[in-house]
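Below you'll find the structure I mean.
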């Protein structure tokens, strides 16, 4: 497992204990395509294909890619609005992959993923999580581990929902048009019994003021607000759950240019105040450069490059990352940049190209690229790339 | 500069008469487009940029009226005085248009070939066979692979980028003198956007046509336009050549806009935010339309509409206090250097 | 496309089975005594003793459990034997098939004015949106839609038959019916008016026409309205679409913008409605056939329902459901033809 | 209290939108007229039998005001007169029947609409929200019910159950819920993909609350509009059944069965039938106007709440 290596290095190299808040391990999400007389599955849309990355506490990770690269699916799957096809989602040092399965399937998951491995005589823990679960397994056996991981599933689900929240792209469809803002905002905290009904006015008022909306507007309906204000309401809704991680899926893409920076600045201020962690999903590389500390680049369901922001923007190694950067229009007529115009369209994720998914459009592709899938390698410290010839463009 | 403009828009006012009141979507807009150049019109939603483009071709929906006193002079003729029939001969022939969303801008029940050929047959004296050949040529020219096959496909069978190419082929099939491109790449991915913008530049060089490029993306304007018109609240706020506007913006709105977007070319500590909301066209503020969001404004601004004045050669600004922006710009440049 | 058709055809037996099961179980509410009445001459029925009744029940299998009786009916139905129709005085299947042409003929005649005029008026209303013409057409349509078919039918009868004496009720005059039934009259299409033309009997053709005009007026007045409204709203929606603007930006004339670019798209939902209408006309002209005293399948079904002739009721409902499923299949195929975006699969 | 004011302006805007349209005004006016007639029926047409006197010598009160009293033994229709403004048919006063028939129409229409719509909503929302095999089974059942022509099915069931308006209502409900079920299912499938539903799921809100709080309020309006438009056609069908002699019993204050009387006089093939026009006209017009009222109201509501279908 490549990821554990990355984590350990980080801890030692930077000399401080950066805690991994979210670890995405080999996440796969396929959607079936059904056809034929009996609607059988004939093919799969490989929306997310073996994606792994870590998100440390307090940082902002930018997940960037073009439409159809699977970045939104990653967000939805992390939130378990979609169930992952395979892979693990580890939050705060606990495997949460099975949280939203039925109790029976959750147990099967734990048995298949851990117990069967632990029972082998030559088993050695590969990472911290293995070690933790193996200790429990040794001390209290299979039932003990099951109790630890599957016991009280309902409570675990609620805890999970509180830990991870989402801010959506579309400020128009992300708020229920028939509900007053007060009820929209109070819904989550009431469902989790964080607050009681009489308190809701006070809590909601505070949250609104915090995102820069007059608390007296809590009785309004969403359509009485502008796009920017609605997005603020969306942020307040997430904030009210006291989450550790907020997934922002194109959170400012639909806003007018002059409103975007208001919302971006607000989100950065809130991050400091609440010690939030962000996973910022966007197609806009300039925005990602501004807001994030580390960047994950996706193409056609696969992760192609991940690196700290400065590193990535100074020396991108994957030809795709580099072309993407060159394609972003810069509002400075005097700024000279290398122009790389990619040929053709993004292929369909139903029939991804063989080998490296980027090879049909890659300006520096070699014969091997169409045959072998490049592995994700750590080329420099904390800078991984999936390319046979990194840095050749 | 001494050339005669291909298109002159003078005091264009376009009002929409709705149940809730009169929406002054475009309220006294002036600009010129010269042969062979690209004029960028930049603005946010409600700035009136798209309405301006539709007004030029007189394609507004029935609620919108072009007010008396407006002039749109194309090739020496005032388009607003032409009959509907005369206007029809200009549309698609002398002035063509491409739209933001090729998926909805192309008719879903006709093949792209049908739609390109229709434009050719309307304006050129050719038979169907010849028109088909011309359409295939056009498709090849805009970089659609296997045009002989693609010509018989329906819009939904093409990808977004290919659709926009087909749209361009349709618009350029009669070699217009002016192409109006209304957010032509907004719906596309950046790598596809780069392809399409490059294609438009190539075709412009080949055909020598003028382009009005309408977008909200200042980056696209900076890289593709020769001159720029900044619109806000139905009015032109600033206009000059692209370099001048982007290097030394003089209107508070332009300045704020350029400082509020995340950029690849410079390091930014914290983005500037233009305060307030995009104005509702039903309730523009009195005086300067930007006065309620402006940080440089004084009392005068909320009373009186500033005129559009030429502050440097060919650099027009609608602001009483543009020198304040000059100072702020100097300060921020100094800060960058430090 | 092929898989789509196969899928739908596979559904057909399921639906037919479901329909027959529902109707069959509904009749069980009656209980064996009343069910027996369907088998016995009513004059004899009242005089029978209870023992005799039991014997008869046994004979007709009415004492057997529900599942078994349904099984027997189903088995016979599969063999093509739907039983004896008391109303039709013939085998059920034969009664249905012999009456279906009359209904089909009426439906076809009604369809021409309904579709032609309905679409034409709908487009006109949309193009002149909110103007006088639009308001007028809309009022006309909603009034038409609000008229119960039997009230309008009665009015038509009163005016055109009682007062003017032009359009009599019934299917054919006595003399014409005799000609049609005679050996020398060749039944080619089984549609009387067309067969009359093919046989060169203009007088019979005219007689058939005279009898069919009343119901056609009634049906078209009621159905126009609906088609017109759908066409209008669909047309309005299409006219606000961007591709209509693109067409105008190309310099396409207003006539072509409306009748080529817009109308072709607006017809897509209209196909569904028009199709449903055909199905409705084929299966739902019950009241019209009763009022105008016409021979037809609706009339057969109505009579059977009133007289609890359950073999006929089962037969006609099954026939209807088959028409409906096949009709819907055809609509979906047409839909795909009209809209290249729809891929059936 | 800006909140209240906001509400009021919103409401006023909607009202203004509705009442700017003259046909909507006509619809509501007609509807109100019928409501008034229905409420004050005992005052407009007193439920008494003038042919029979009670002990005090006053006309006897009717046991069941919905059964039209026979007031003349002449079986041919009697033309309108001062005492009987709409004339008489089959010995019964047409005016009385039209007035009390209003109540019958409301009763049948509202009951059937409400019950069948509620049932449809139940089936449709279960089907749409849960999807999978539940959806598959429920929708196939719906298909089967939809494959039987409504009028015929209602006829069969009414005949089996026996005459009476309660039987008509049962029959129409059993075969009348599918439209609402399909509509609400389609709407739910659409709403389910909305981001606010996903947001609620991400908040950990329970399914039941998501349906009740978000899905239903956002899907129910088109169903209610459809229901109001169905009122008209349901009344037509009920009357149609009565007209065929299956619904209300003979002499019941019901527009359809009054027209049933007329049928014989019109098809009687004598040249003078047009002189019986009042027998068709009054009950027929009552019905047309009643259905028209509902259609106009439904249309107006749809225009306001569903701008897509203007």
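The chains carry the letters A, B, C and D, assigned in the order they are written, with residues numbered from 1 in each.
The working rule: contacts are C-beta pairs under 8 Å (C-beta built on N, C-alpha and C of every residue); 3 or more make two chains touch, one makes a residue touch a chain.
These numbers were taken from a predicted model, which means no experiment stands behind them.
A comparison of the A-D and C-D interfaces places the larger number of contacting C-beta pairs at C-D. Separation between the centroids of chain B and chain D, computed from CA atoms only, is 55 Å.
Averaging C-alpha coordinates per chain places the centre of chain A 53 Å away from that of chain D. Between the CA-based centres of chain C and chain D the separation comes to 24 Å, rounded to the whole angstrom. Rounded to a whole number, the gap between the C-alpha centres of chain A and chain B is 36 angstrom.
For chain B, the set of residues that touch two or more other chains is empty.
Contacts between chains, counted with the stated touch criterion, involve the pairs A-B, A-C, A-D, B-C, C-D. Listed in rising order, the residues of chain D touching chain C in the complex are 23, 140-141, 143-153, 155-157, 159-161, 232, 236, 239-240, 243-246, 259, 262-263, 266-267, 271-274, 277, 280, 284, 287-289, 291-292, 295-296, 299, 308-310. Residues of chain C touching chain B in their complex: 240-243, 245-254, 261, 264-265, 268, 338-341. Contact residues on chain C toward chain D in their complex (touch as defined above): 11, 14-15, 18-19, 22-23, 26-27, 29-30, 138-139, 142-143, 145-151, 154-155, 157-159, 162-163, 165, 169, 233, 236-237, 283-284, 286-287, 290-291, 293, 301-302, 305-306, 308, 313, 316-317, 320-321, 324-325. Across the complex, chain D is touched by residues 76, 79, 81, 157-158, 160-162, 164-166, 168-170, 173-179, 184, 187-188, 191-192, 216, 219-220, 224, 234, 237, 241 of chain A. Here chain B touches chain C in the complex through residues 54, 57, 59, 61, 84, 88-93, 96-97, 99, 101, 104-110, 118-119, 122-123, 154, 156, 167, 170, going by the rule given at the top.
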